[in-house]
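Look for chain A in each of the two complexes below; its partner is chain B in the first and chain C in the second.
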Partner chain A sequence: MRLLGKKRLQWVYSIGLVLVISLFCLAPLYWIVITSFKTPGTEFRKPVEYWPSDLSLESYGVILGPQFRIQNAIKNSFIVSSAVTLGALLVNSLSAYTIARLRFKYKIESLILIQLAGMVPPIVTIAPTFVLIRSMGLLQTLWGLILPNIAYNIPIGTWLMAAYFAGLPTDLEDAAKVDGYPPFSTFWRVIMPLAAPGLFSAGVLAFMGSWGEFMLALTISLGLPDAQTVPVAILTFSQRHELQWAWVSAGIVLSLLPVIVMVLIFQKWVIKGLTAGAVKY
Partner chain B sequence: MRLRPNLREPAVALLFIIPAFIGLAVFFYYPIGQTVIFSLFDLDHTTDWMNAPFVGLNNYADVIRSRQFWLSLRFTLIFSIVSVFLQFWIGLAMAMATFAVVPRLRGVLRAIIIIPWAIPQIIQAAMWKWLYNTDVGLIGDVLVRTGLVDSPPLFLADPRLAMGAVIFAYVWKTASVTSIFLMGGLAMVPDHLTDAAKVDGARAWMRFWRITVPLIMPTILVTLLFRTRDALRAFDIIYGLTGGGPGTQTEVLSSFAYKFYFTFVEYGLGSAYALITFVLVMALSLLYLKRIQPHLRFRS
Partner chain C sequence: MAEVRVENLVKTFGEVIAVDEVTLTFEDGEMTVLVGPSGCGKTTLLRSIAGLEDVSGGSIYIGGREINRMPPWDRNTAMVFQSYALYPHMTAFNNVAFPLRARRVERSGIRDRVKRVGESLGIGDLLHRKPRELSGGQMQRVALGRAIVRKPEVFLMDEPLSNLDAKLRVQMRAELKRLQKDLGITTVYVTHDQAEAMTMADKLVVMRAGRIQQVGGPEEVYLHPANVFVAGFIGSPPMNFIHCSYDPEASTLNAHAFSWPLPSRFEGAFEQERLDEVVLGIRPEDLIVNLDPEPGETLAEVYVTEPMGKETLLTLELGATMVKAVAPPQIDLNIGDMVGVVFEDDVVRLFDPETEKAIPSS
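This part shows the complex of A and B:
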């Protein structure tokens, strides 16, 4: 009897904790979601409605329509982030392999060079990067975003992959060496398949990093929609239509949907990647 | 046959690390060098420093002499200290909650905590602008309905409130990632230690300070390092939420430098601002790393 009571108590405070944390983490999102379903114009009506009396999809029509075409920005973001993820995984796992597994005289120096870059605030590199991208003729192109974002991922990505490689058993690799496998195929056919879970974590983080990148995306797009990614597009909408919060909210909801779904599906790997960065320092 | 791959190993190592070095050189080290050069010239509406007047350290002198620099430095520091403090305690509370709830709710709770992390900072800025709307915003309305205030405050127009509003919006997102970092540390605290203390009659608060905190100290320090570094260079949330306003009240070093670059088109002064931010971040990181080192040796 006492045991049953204790268990029930545990459930009660557990549910209490979940409710309080949900209120903190989700209330702002709930507000945006209901605003997006209000008939445009009624979002300013008082008293404030916490459950819209008339659910309307009008804002979604507007935000997907010819005036905004949020789907373009979402597509751009997907192209940029996918390309960055692939590029960063390749570059970072090669360098991480050198650092974690190969005999190399300048390991410490390399590691310092890589980690120092991770401390650089983006504001320090933005102006020359803008000039550089302009001189490469890549302003307002997705390539102008992809290349720098791969580089921006190098410090944390190399770190994560090196930590992962360092934890892998060495016997398969030794066997491959003895058999005379050339180094690249050892890397590609022996190490990479073993490192798949680590690659996955690092990949999700690289994707999310470039998905949210704003300063460069703003600077490179020059205010025109061709190469706008989601963050720039949403900011531009919200500044141009400051009083149309139902429209802006619909845009926010649509642009968040894909990443939130992705993060929830890959939750385990996200948490692994983030904690590896903090714990295995 | 066995020797050949070994002989080539250093060469292969170099080959493998070269792509990363090229990336770093082009998008980190070259731009840093260029920014240093920019900061020594008077670059009014031009980036052509070779034909611009060399002014030595005058840009830095101008920056240090301006009142605005000290104000934005002050807010950068307030912003970082307050937000890291809040993120840490909220994040730790949420992380501990995931271990305190019944196992069946653990996954749900983690999923809820991770969601704010997934939202790009600039999109949060747009969200919070609406949440802080004076007439019909969620925050103001809730405050009025609960009777805490008589009329909704001007969150983003009142100079003092604007600072708090920016900090809170930033904390909302970053508490999420802080919490995930700390979960990693807490997961490594062995249950039997806290259980033993429980049997010995140690109160929850004592168990927390005497057992949990010392055990996760390395994770705490690394988390604080990452979070402080991130806060010192915050840009998106300020650019999107207040644009540095009202006036220049919520301007931080990064947002101010960005204005010098792309609004006033004064690359020389902007570069000086940016480099001062850099020095600040570096100095703090090194200080921290020095502090962390003994704990790291302990771990390995």
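This part shows the complex of A and C:
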């Protein structure tokens, strides 16, 4: 009986902890969503309104209207993030496979070098990146954002994928080799399909990373609308006018929507236990 | 179809020598079984033939052609893995078709060949399934199908039956042997199971610590083991070993509990070489247990009896040595009973305790 009581107490503690953490994460999001539906100017009305007394779509009208056209920025973000995701997955899976499976000289050293690059804070590299992109004539273009973002993603992406590849059974690769496939074909036909869950996690990471990336986007776009992504566009709400929190919130909500939709669509692709039954030990 | 030959093959992993100067011919169309305890180098030897390991020295020939530097995808070998190694994202059909696609066989040809192989292995109606929807035995068949579908020069099988349950293993053992005979493809078969090795092999190769201990037909290896290791490894329960001293005056072998006249066929060997000590080896089925020992007969005490159904396995204390003997099924014996132990001269094997090699008989 006492044991049962102890267990129950543990359960209450865990649920309580989860609730507190969830509240901590979700409360700001909730605040942003309801603020976006408030009439501009009423955001800080006292007493605090946890549910707006008058729901208004005015902010959405403004930021989607001719003045800001945030849909352009969303489109840009989408193009950049998708391209970064594809590019990063390609580069990272190739480098990760090399590290996880092939034997070559200075393997550990090269892995350490990649990881060291990941420890350099982005602000240190922003100036040289700017110079590089300028010399390539890619300022104010989406390519100017895509290429550096892929590079930023390499350390974490490679590490993630290498860990995943290392966990795949080597028998499958050996079987493919004996079946007549050279390493590169083996990689495409056997390894990549099996790595789908790993690819998905790495892809989500790459997508989110470039979606929310601000510093490089601001630098490369030079503050002009052509190559603006959502975070930079939202910044302009506060520059041209006094800070309109309702607009900013509406911008954030709109920028979140595509990400949420994507996650909902792709989650079914993460098929658990895809490798189950492949190899029996 | 081709003969496979390895010459002075060496494979090292850092300091460890996995395969040590092995020279061996795998005859065309035969099933050669590599057998030995784990870590004896049998799998490494197999993988070297497949090209999955770079050899450290020596040569490998398939059909007279040296293939040391040929990558695995160009060697016309097919391999069956212990884990089956089926591609989990492909159906059974696509698994079997996979090696054909690498060889750019046309689509209709692939369909026909995969279907034919599927039918012949009894998995014709399972070809649309993914590996995870198949049982162990079915996966095994798909793996076999993938190996035979492209008619390789050499089959390489790495413990293909180890993951099956005991009953299915015995069934598949027979099927696999028949399949190999029908196809007549040179086969290298690796196992640590000596019973499987005996039943499958045209030629048996016993390995230990990277070296070949004995090569021969299963019967030959069983009846005339080359050394103590082979004698103890092949056969279940293993051969009994009894340390004896040799008395040249009386020409007898003396152990703690008995004295036995040296069989005449060994006399030549004992004249040539001065041997004070020998290891006497005798298989459990060759020990005759006498329930009513006659006077003067060697006596042993029953340590334990293990009824096996078709026979009873006895463990006996023969002086300081424990020996195993096989007795009829319903034998009435209890722990502590005294029995007589006899054996014929011609079943005795003698080994040199220093070199562990068999002492030749005339």
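The criterion applied here is as follows: the second predicted complex is superposed on the first by the 229 of 281 C-alpha atoms of A that agree within 3 Å, B and C clash if a C-alpha of one lies under 4 Å from a C-alpha of the other, contacts with A are read in each partner's own complex, and residues count from 1 in each chain.
The criterion applied here is as follows: contacts are C-beta pairs under 8 Å (C-beta built on N, C-alpha and C of every residue); 3 or more make two chains touch, one makes a residue touch a chain.
Worth saying up front: this structure is predicted, and the values here are computed from it rather than measured.
Engineer: Mind working out whether A:Pro169 is in touch with chain B, chain C, both or neither, as first, second, both or neither?
Structural biologist: second
Engineer: Now for A:Pro28: first (chain B), second (chain C), both, or neither, which partner does it touch?
Structural biologist: After superposition on chain A, A:Pro28 lies in contact with chain B alone.
Engineer: With both complexes overlaid on chain A, does A:Gly223 touch chain B (first), chain C (second), both or neither?
Structural biologist: neither
Engineer: On the A-aligned overlay, A:Pro66 touches which partner chain: chain B = first, chain C = second, or both, or neither?
Structural biologist: Neither chain B nor chain C is touched by A:Pro66.
Engineer: Classify the contacts of A:Tyr181 with the two partner chains as first (chain B alone), second (chain C alone), both, or neither.
Structural biologist: both
Engineer: Tell me which touches more residues of chain A here: chain C or chain B.
Structural biologist: B
Engineer: If you lay the two complexes on top of each other, which residues of chain A touch chain B in one and chain C in the other?
Structural biologist: After superposing on chain A, chain A residues 177-178, 180-182, 274-279, 281 contact both chain B and chain C.
Engineer: Can you list the residues on chain B that touch chain A in the complex?
Structural biologist: By the definition above, chain B touches chain A via 1-2, 4-6, 8-10, 12-14, 16-17, 19-21, 23-24, 26-32, 34-35, 38, 47, 90, 94, 97, 100-102, 105, 108-123, 125-131, 133, 135-136, 138, 141, 172, 175-177, 180-181, 183-185, 187-188, 218-219, 222-223, 226, 229, 232-233, 235-236, 239-240, 253-254, 257-258, 261-262, 267, 270-271, 273-275, 277-278, 281-282, 285, 292, 296.
Engineer: Which stretch or stretches of chain A touch chain C in the complex?
Structural biologist: For this pair, the touching residues of chain A are 169, 171-172, 174-182, 185, 190, 193-194, 273-281.
Engineer: If you look only at chain A, which of its residues touch chain B in the complex?
Structural biologist: 10-11, 13-15, 17-18, 21-22, 24-29, 31-32, 35, 43-46, 48, 90-92, 94-95, 97-99, 102-105, 110, 113-114, 117, 119-129, 131-132, 147-148, 150-152, 154, 158, 177-178, 180-184, 187, 208, 211-212, 214-215, 219, 230-232, 234-235, 238, 245, 248-249, 252, 255-256, 259-260, 262-264, 267, 270-271, 274-279, 281
Engineer: Chain A touches which residues of chain C in the complex?
Structural biologist: 47, 50-52, 71-73, 75, 77-79, 81, 83-89, 98-99, 102-103, 130-134, 136, 139, 146, 150, 156, 163
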